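In what comes next, chain A is part of two complexes: it sits with chain B in the first one and with chain C in the second one.
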Partner chain A sequence: MADALFLAISVLTIGSAIAALEMRSLVYGSIALMGTLGGVAGFYVMLDSPFVAMFQLAVYVGSIAVLILFTVMLVKRELIFKKIEDPKRKFAGIGLMLIVILALGAVIMDSGIKTISTDSDPVDFREIGGDFLTYYWPALILMALILAGSVMGALVLARREDTIENEQ
Partner chain B sequence: MSVIAPKFRLGYFLKGIFDNAFWILTIVTLAGIPAIQIVLFYLELPVIDGELLTAFLAFTWLFNPTMQVPLIKALIYSDLFRIVAFPGFGFAALIAAGTIFVERKMLAKLQLRVGPFYCGKVEGILQLAGDGLKLISKEIIIPAKADKPLFWAAPVLFVGTAAAFVALIPVAPGGWVVADLDVGLLAVFAVIGFFPIITILSAWSANSKFPFIGGIRALHQMVSFEIPLILSLLGVVILTGTLNLSEIVESQSSFPWIIFMPIGAIVFFTTMLAELERIPFDLPEAESEIVAGWLTEFSGMMYGLVQLGSYLKLYAFAALFVIIFLGGWTGPVFWPPLETELITEGIPIPNYAGDPILTVNAPGLPLLDQDPNEWVLQQQGELQYTSGQLLVSGVIWFVLKTVGVIFFILLPRGVFPRIRLDMLLHIGWYKLIGLSFVNIFIALGLVYAGVIGPGGIL
Partner chain C sequence: MSNELIEFVLVSVALLGIGIYGLAVKRNAIRMLFAVEIIVNAANLNLVAFARFMPHSGGQTLALFSIAIAAAEVAVGLALIIVAYRMYKNIDIADFRSLKG
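Presenting the complex of A and B:
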C-alpha cells in the first residue's frame, strides 16, 4: 500500500514538474507547478511529518503559487503563448539535469542515509518549536531580521513620490 | 389539445415505460450486479455480534427485527457514514440548506419585505427545493472563448475544498470528526489557502471582464485577510499548546476562550466575513458594479455547486469560530440516561389497561453508544455520563452555537453597505494585523504571568 502510494506521489510530482516546464500555456504550467509542490507535501506526509506537510501546502501551494498565477495573468497574452523551439538547448538542459541528479544522488547515497531506521516515531512538532526557541534562536532572529529588512527595502523601492503627492 | 405534448398516445406512453423498464433491467443484470459483487469483494465488512457480515447476511438481517439495530449501529460507526452523512458532508449540507432559506427569509423581514412566499404553502419553505430543481434542469452554458477544462473543474474543486474544510471540523466528543489530525488547525489554514487559487483560476478561465475583475478582487481580499486570520487564532494555540481541534475544545470545559481572547474573536469574525465574501466585504460579487463578480459566467448547476461550496464554507467557518472561541460542544449534559432494564431485559409494551403483555427484546441498544458496558458502569456510579448522552447533548450544543454564529454572519447583510476596496485593504493590513498582535501579546502575558496555560492558576 505504502509502495503504491509512494509510486503514485512520485509520478504526480515528477510528471507535473516536467509538465510545468514543457507546457506552452503559462497558467497550466503554474497549475502543474502546484501539483509538484503538493506532491512534495505528500512525501512529507508519508515521512511522518504532517507539520511540515501542512506548512508546505499553506505556504507553497497557498501563497507562492497564487503569487505566480497572479504574475502570469499580468503577462501579455502574446508572451503567454509564444513558442520558442531550440532542440539543442533542450538536450543540453536534459544532460545538465541528469548530471546534477547523478551528482546529488551520489552525495546523498554516500552520506549516512542508509543507516536511518524507518520505523521510528513521527517527529513531534512541539520538539521542533522548542529547538527553534532554545538552540537555534540566533538563526531564527537573524532570519526574522533579514525578512523584515527585505520587506522594508521592497516598500522603499515600491514607493512612488508622484502618486503620493497627487493624493495630497 | 395541450401544446406541451401534442402527439400524446397512451400506447406510446406505455411503450416508453416498458422500454425503460426493459433497459434498466438489462443494464442492472449485465453491469450493475457484477459491479456490486466486485465492490463487495474488496470491501472490508464489519463483524457484528461475532459474525462476519456478508452481503447475503445483510439482506437477511434487514428483515429480521432483532438484528436491525446492530446493523444500523455498525453502519453509523463506519467511516463511510462519517464522510457522507453525520460529521461530514450531509450534515454540513443540511445546515447550509437551512442557512440559505433562513438568510432569504430573515433579510426580507429585516427590510420589510415578504421573501419567498408561494412555494410550499407555509412561508415558502419549499423555495429551496424549487430553486434546486430549477438549477439542475437548466442548461449549462460555457462561454465560447472560455478555457474549458479549468472552467469545468473550478466549481467541482470549490465544493471539494469546502468539503475538505468541513471534514476537519469535530462535531461531538468521542472523535466525531472525519479527519482527526494532530495538526488540525494548520490543515485548516492549508485548506483555506486553496480558495483564492480556485477563485482566480475560475475567473481567468471564463475569459470575460466581469469575472476577471471579481477574481482579482477576491484574490486581493482573501490573501490579505488570511494573515490576520492565522494570527488571530495563534493566541488560543499559545494558551492551549495544541493544534488539534478536538483538544482545543476539550481545553474549554470550564470556560470558553472568548472570555480571555475577545480581541482575537473580533478579528477572526471580521476576517471570516471577508474570506466568505459576505457583505460588507462582498466586493468580489458586487452585483451593482460587476454583475455577479467571478460567478458571472456560471450557469445552471455549476452556479449551484459554487453556491453549495460557499455555504459549506460558511458552516465550516462558523463551526471553527465555535470550536476555537465558544467552547464547541461543551455545555451541561441534559440528555437523561436510559434504564438498564431496557437493555438487559427488553422494552415492555403495555396493553390498553397498562399491564405489560409483551417484551420486545432489542439487542444492540443503546444505539448511540460504542460500548454498552458504559450503561452498567453508569448504574454503578463509576461513570458520570455515557458517550451516548455526551454525543446527543454535545451535538445539540454544537448546532445551537453554530446556528447562533451563522445568524451573526448573516446579519450584516441586511444592515451594512459594501465598503470600498482601499478601506478593505486598509482594515486588513493595518488594523486587523495590529489587533491580532495585541491578542497574541495578551495570550503571552497570560501564559508568562502564570494565569492560564501549562502550570497556570486556572
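Presenting the complex of A and C:
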C-alpha cells in the first residue's frame, strides 16, 4: 500500500501538472511546472536513485524552468495572460485524456506487474558512473556533441539580424 | 521498499494523460512545450521505476541520457518559439500555419 509521503508527492506532481497547463498566467504556469519536475525528483529519491534525482534537479528545475521563465518574459504582456485554446476541443481533449488514462490503467492493472515488489538492494550510483565511462562512452561523446550543436543552433536561431545590420 | 511498482506506473500514466490533454487542447506554443516536458518526465519516471524493481543500472543510465537530450530539445524549441514570435508577434500556433519567412 502507498504510504503518506508517496501520496503527498503524487498529489503535488499531478496537481501542479494540471496547474501548469490550466493557470491563466504563463509565469505561474512555469512555476507550477517547476513543482511537477521537483515532484518527479522526489519520486526518484523514493526509488533509491539519488544520482538521477540530483540530475533532474540540476537540469530540469535549475536550468530548463529558468530558461522557460526567461522566454515567457520576452513575450508581450497581453499574451502572457491570454488563454489561447480551442473551446471546441476542450471536452474532446478531456475525453481523450480520460480514455488514455482508463485504457492504459486497465491494461496495467490487468497485467502481472501488480504484484511486483522488491527487497533487493538498490543499484549503487558508482555502478552507473562506471557504465558511463566503459560501456556507454560512445553515447556519452555523441550526447556531448548533440548538446553543443543544439546550443549553437539555438543561439543562431534566436539571433537578431536587424541589430547586427544597424551596428554595421 | 514499501511502495510497489504499480503505484509509480499509475502516476506515470496520469502524467501521460495530462500531457496528451495539453497537446490536444492548448494552442499556446509555450504551453505545448510544457505538455511535452510532462510527457518526457512520465517516461523517465517509468524507466527509473522499472530499473529499481529489476534491479538493473541500465534504466537509470538511459534516464540520464534522456534528461540531457530533453534539455537540448527545450533549448531548440524555445529558440524556435522566439523566432516565430518575432515573425508573427504572437505565440498562437494557429498563426504559424503558413510557415513562410
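To be clear about the criterion, the second predicted complex is superposed on the first by the 124 of 168 C-alpha atoms of A that agree within 3 Å, B and C clash if a C-alpha of one lies under 4 Å from a C-alpha of the other, contacts with A are read in each partner's own complex, and residues count from 1 in each chain.
Here, contacts are C-beta pairs under 8 Å (C-beta built on N, C-alpha and C of every residue); 3 or more make two chains touch, one makes a residue touch a chain.
For clarity, every value in this text was computed on a predicted model and none was experimentally measured.
Peer 1: Figure out whether A:S63 sits in contact with chain B (first) or chain C (second), or with both, or with neither.
Peer 2: So A:S63 meets both chain B and chain C here.
Peer 1: Can A:A17 be said to touch chain B (first), chain C (second), both, or neither?
Peer 2: second
Peer 1: Name the contact category of A:I31: first (chain B only), second (chain C only), both, or neither.
Peer 2: first
Peer 1: Looking at chain A, does chain B or chain C touch a larger number of its residues?
Peer 2: When the residues of chain A touched by each partner are counted, C comes out ahead.
Peer 1: Scan A:L104 for contacts with chain B and chain C and give back first, second, both or neither.
Peer 2: Second partner only.
Peer 1: Examine A:F55 and indicate which partner it touches, taking first as chain B and second as chain C; both and neither are also allowed.
Peer 2: After superposition on chain A, A:F55 lies in contact with both partners, chain B and chain C.
Peer 1: If you stack the two complexes on chain A, which partner ends up touching A:M73: first (chain B), second (chain C), both, or neither?
Peer 2: After superposition on chain A, A:M73 lies in contact with chain B alone.
Peer 1: In the superposed view, which residues of chain A touch chain B and also chain C?
Peer 2: Dual-contact residues (chain A): 51, 55, 63.
Peer 1: Residue numbers of chain A touching chain C in their complex, please.
Peer 2: Residues 2-3, 6, 10, 13-14, 17-18, 20-21, 26, 29-30, 33, 36-37, 40, 43-44, 46-49, 51-52, 55-56, 59-60, 63-64, 67-68, 71-72, 74-76, 79, 83-86, 89-90, 92-94, 96-98, 100-101, 104-105, 108-109, 113-123, 127-128, 131-132, 136, 139, 143, 146-147, 150-151, 153-155, 157-158, 160 of chain A touch chain C in their complex.
Peer 1: Which part of chain C faces chain A closely enough to touch in the complex?
Peer 2: The touching residues are 1-11, 13-22, 24-28, 30-31, 33-35, 37-38, 41, 44-45, 48-49, 51-53, 55-58, 60-61, 63-65, 67-76, 78-83, 85-86, 89-92.
Peer 1: Of all residues in chain A, which touch chain B in the complex?
Peer 2: 27, 31, 34, 50-51, 54-55, 57-58, 61-63, 65-66, 69-70, 73, 125-126
Peer 1: Which residues, counting only chain B, touch chain A once they are in their complex?
Peer 2: That would be residues 147, 150, 181-183, 186-187, 189-190, 192-194, 196-197, 200-201, 204, 219, 223, 226, 241, 243 of chain B.
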